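The structures considered in this document are given below.
Below, subunit A partners subunit B and then partners subunit C, in two separate complexes.
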Partner chain A sequence: MQINTFTRYSVVALLVFVVLAAIPRITDDISILDTGIMICANGLFALSLNLLVGRTGLLSFGHGGFYAAGAYSFGLLMQTGMFSIPAAFALTIVFVAALSALVALVCVRLNETYFTFITLAFQMLFYNIILSWTSLTGGDQGLLGGIPKPVFLGIDLVNPVHLYLFCCGIFLVCVVLLYQITQSPFGYTLRMIRDNTERARFLGVAVNRYKVASFTLAGAFAGIGGMFMALFVSGAYPSFGYWTMSGDGIFMIMLGGMNTFLGPLVGAIILIVLNDLTTIYTDHYGLVLGCVILVFVLGLRRGLLDFIVEGIRDRRASKMDQTIQPTVPKEEIPR
Partner chain B sequence: MGKTGKRSIHRRAFVKGIGGVAMVAAVAGFPAIVRARNTGPIRIGVSAIMSGRVAQMGSSSTNGAIMRVDAFNTSGGLNGRMIELIIRDSKGRPDEAARINRDFINRDDCDMILSLEASTGAFAVQEVVRELGTLCMHCLSETSSLTADPKLRTPNAFRSGRQGAHDAISAGSYAASIAKEKSLKKWMTVGPNYAYGHDTTEQFLNYLNHFSPDIELGSQLWPKIFQPDYTDVINKILQEKPDAVFTCLWGGDLSSFIEQGNLYGLFDQAQYFCIALADYTTMAAVKHLPSGIHSGNRYVSTFPGSAPNAAWEAEYVRQFNSRPTNWSWEAALGMQFLIEGIRKTGSSDGNEIAGVLPGMIVNSPFGVDGTITMRAEDQTIVEYGTGWGVTQSTEPFMPNVTPTDWKLIYELEAAWKKEQGYI
Partner chain C sequence: MDFSSLIGCVSSASCMVTQSLSGLTIGMLLFLVASGLSLIFGVLKITNFAHGSFYMLGAYFALTVYQVTNNYFLAVCGAALGVGLFGVLFERFLIRRIYGSNVLMQLLLSYAVILILDDIVMLVWGSEFQSMGMPDLFRVPPIRFAGAYIPVFYLFLIVAAFAIAGGLWFLIEKTRFGKVVRAAAHNGEMAAALGINTSLLYSFTLGLGGVLAGLAGGLAAPVRSLVPGMGMSILIESFIVTVIGGMGSIVGAFVSAIVIGLTRSFGGIVMPEFTDGLMFLVMVIVLIVKPTGLFSKGRD
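Coming up: the complex of A and B.
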């Protein structure tokens, strides 16, 4: 019996969820669960950004805008008191996807540097809307008054264990969906566009439509990351939509690797653990982060997971070379 | 190491290495220390902005808190239990402030929180402590709604800092009295272009109009926060020739504006009202501080002009080799309230301490009559020294401060709260 890939990924995700769900039973240290939620929020943000950067070849510097849009729209919907958490969650995804599609329709017409600039411009537009529309967003004070978390289906998100399990569950569903997207014909077409846009166009691919679709999906997943963060901090703040948020996403991809699917997630874990540790021991977070990035850029020359995966692949290849003896004597191999 | 001497890492060694690193990270990153609540040190988590453009906010406020803690520990603590401050940098990011404070409570087992965050971070901390129920003292946020708005208030969070609403009443009443005395009709305002700047300016104008309804308002200028060049602002003021200018620029922005204005003789041509000039670090940063600028007191050792205040400043300078700021006294006072609560209850239990803080009166060098009250109704301080004075170019920079009458503040604050729907 052949099991389709989606089912296989879903089973793996379920097993991972079982492992993650065991953590609160092993330890009563809530901070580990908090770290898990942070990893879900930032990891999903980085993975979604990599759908653009690593898979489609679009360096977006405006991705934080959608993260903030997710956090704010979810927070605002919940503050009305008219929606349950699943309803607000679904509406937010629809809203952020629509917003991303609108932005994408303008941005994808431009190439490379100009694309990056215009995404940054949109992000700054969102940021300034957040700051100036004080009556709705709370301006630079952020969305005040907390986010109500009514119980649904027996899940109480005020309880840190429930919040952790909720975030882990949704996160794993998103990861499976993102992986399925990258492994689908759609994902391969995105890679073709990344590698040679002109060739893809000659082959009849509607390049801009694919880019819009990729941008919309990435924006929607970033919005889910924003919702996790809004639930975690029980608020939404303008810094979620500042350009440095997008910069952090790029750092995560650089640290973890953009060629391996889970690379950005590894980058998010590195950045979060690094931030946790440096905050405990020193105030010089920027200095430590700069040094780590230097090591990665100058030493590994790629992200950590890319380095490991490619290293293993190279070792396997060299072992295969040793096992399969060439039939032609070495000196006779034409050069 | 391979037999040939060529460097290579065996898979098992690699896995062991990764495992070792993971163990170190786990031990260093997630130190879950389980202790009984009434033994061992009393742990207080302090989140502050210790890096970036406003790092001085974090350093000078933590100094104020450290002074109080050192005095408590030197006197024997609580039956031998010392206070241990765990200070961490929130980098001025509210999400980071929320994470750090959750860690203080969930990981570091802190008994209470001393929040040395600016307003945005303070609101993030407020949501954390509302959810987790830990006692929190906000020291630096001046946004009135934090404690004035019953929807935002929570029984376990208090404020030991000055309030925007109090300052606005103080500024409005003082400026109106000078306006009447010197016939200042035409006014301009200069405020940093973010919520604090807009809110403070609006509130000031509201009270200026209340006390002196016949003023005329000219241009309102909004330079960006951390703007390096104020030429456009200065030119506009020179062009409009107002009788008086109100500004709520602060810190480095204010000293840059004054330095650059000095080049044009700006401060000889009108009366200037700077709400945040009278802080030593700002006044000392200006090379030639003009005489005759009106300013609200942030921190000056001449106001309240008491021996304990002068002694507190001298002790601060001795310990840290720098002058205290407004943030220093606010943090010192916040720590003092927590310590008084610990002493009064004989416990480090946040709930018990939160029960005795409302209405508590402490002796303080920063109180207008030597005491400061934690007002029970909105869990914020009152009767602290607030007033306005005029600068001089040499030490002590602001020798005389006219205190604002707290009766007036109470009266107008109540009206403002009613207007906002808070009461």
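Coming up: the complex of A and C.
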């Protein structure tokens, strides 16, 4: 019997959710739940960025702008007191998607290095708007006064366990959607654009439209990550939109691996855990992180998950070679 | 927005002189950093994200040499040589290993170097703000011109930077070495096939970029405060300069550095809290109008 792949991913996600939901029952340690929420926010940010970097071959350095846009618009909508959480959530997704579509329309016309720089410029433009529009955003103080979290459907997000479960649930839904997108014909078209834009164009693919679509989707998912963060810190800070946020996203992708779907998530976990550990034991976070990155760049030369997955694949391939080789007549091996 | 004070400034000679000079000062420092960045990109096709840290190292080297010898010119030379040497080592031991690999790898490698250098500077010189103070030589009364008071050091800085820019232009356009650099920038493999030692040239280019960044750091040390992480803001601004001017174009970097410097000093009057935003706005507009920068030869 053929099972729909989407159903299969959903079942796997549901199982993962059950496991994650069991954690608050086993331990009373709130800090584990906090780390979990951080991983959801940053993991979704990195996974969505990889839709651009890894799948479409667009090196965006402005992804943090949409993360911040998500956090700020959600916080501002909730502070008006006119919206329930699901309504504000939906409105924010629409807003961030529209914003990223607008940015994408300008940016996709540019090639490689210039694309990277113009996305960076847009992000810094947003950042400076956030800083200077003090009456709306609170400037460099961040969005203060807390975000009201009215109870909906029996979910009370003031309760850390509820917040954790809420973030995990939405996160898993987003992961399944993102995976579905990468496995769809749309996702394969993006990959073709990455590998050979010219050929894609010859085959009649409207390359720029696909790039805009990919950019819009990635922006919207990053906005959801930003909303997790806004809920978690009950506010929003300009640093969400600083260029280092985009930098962190790229490092998560590189640490975990860009060719494997879950690579960026692994990278997010590595970065967050490394951050927690180093800040406990030493003041020299930069020195430790820098050395770890050097090991990855000069040693592994790719992300951790890519290293493992490709290692296994190579081993399998070499075994296959060994079994096949004897059947090839020696004379036919071209010199 | 405060346009009336801008009009007030433009109509007053003393304010014009002061603002133009401060814009030129910012612009010339930016040019020194951005030209190195542009040169490295032109020859090696690598974006050196650690270039801001080179500038930071230059400022700290100058501080230490100045404190030891009490001679500002030695301090600037020490900064230039020290950072130049660092650039060569950086190329030999790190950048060399990732030629031809992903842009992301370059980004990641540079970021690691930025993090490590910031922390090392913090270990060696401490994390608090430091300042070199005005060297004795320049502790003279400011020159009065058109009703404005001009610090002598600012004049020295601008003249020195112009001289360096002229020297760089001469080196690239008029000497045999410059020809080799331009050949390698145009087609590295072909240059190598014709017997040019490109491996040596790559090290040398990063060394030269380091010297320029070190000079910028040394020249900035008396007028800027020194702090770990100070390279970041100048890195971002130099990127804006190189992108507006066209990656790989020294003349473009020169012109756009002055434009950005003046944008900063005059923009600061109109909307002080949005000066950075203004620079990014200029960059967005330039990229939309001419996607490869104003002075690029259209090779990309």
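The working rule: the second predicted complex is superposed on the first by the 322 of 335 C-alpha atoms of A that agree within 3 Å, B and C clash if a C-alpha of one lies under 4 Å from a C-alpha of the other, contacts with A are read in each partner's own complex, and residues count from 1 in each chain.
Everything that follows uses one rule, which is that a residue touches a chain if its C-beta (ideal position, glycine included) is under 8 Å from a C-beta of that chain, and two chains touch if they have at least 3 such contacts.
This one's a predicted model, so the numbers in the text were calculated from it and none came from an experiment.
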For this session: Name the contact category of A:Met38: first (subunit B only), second (subunit C only), both, or neither.
Result: first
For this session: Check whether A:Leu203 is in contact with subunit B, with subunit C, with both or with neither, and answer first, second, both or neither.
Result: neither
Problem set entry | Which of subunit B and subunit C A:Gly145 touches, first, second, both or neither | first
For this session: Look at A:Leu110 in the shared chain and tell me whether it touches subunit B only, subunit C only, both, or neither; answer first, second, both or neither.
Result: second
Exercise. Touch check for A:Phe296: first (subunit B), second (subunit C), both, or neither?
Worked result: second
Exercise. Looking at the overlay, does A:Gly286 come into contact with subunit B only (first), subunit C only (second), both, or neither?
Worked result: both
Problem set entry | Where subunit A meets both subunit C and subunit B, residue numbers | 131, 284-286
For this session: Flag every residue of subunit B that touches subunit A in the complex, lowest number first.
Result: 25, 28-30, 32, 50-51, 88-89, 91, 93-96, 98-100, 102-103, 106-107, 119-120, 123-124, 127-128, 130-131, 143, 145, 151-152, 194-196
Exercise. If you look only at subunit C, which of its residues touch subunit A in the complex?
Worked result: 47, 94, 97-98, 101, 103-105, 107-109, 111-116, 118-120, 122-123, 236, 239-240, 243, 247, 271, 273-274, 276-277, 280-281, 283-284, 287-288, 291-293, 300
Exercise. Which part of subunit A faces subunit C closely enough to touch in the complex?
Worked result: 53, 59, 106, 109-114, 116-118, 120-122, 124-125, 128-129, 131-132, 243, 247, 250-251, 253-254, 258, 284-287, 289-291, 293-294, 296-298, 301
Exercise. Hey, which residues of subunit A end up touching subunit B in the complex?
Worked result: 27-32, 34-35, 38, 131, 134, 139-142, 144-146, 158, 160, 229, 232-235, 237-240, 273, 275-277, 279-280, 283-286
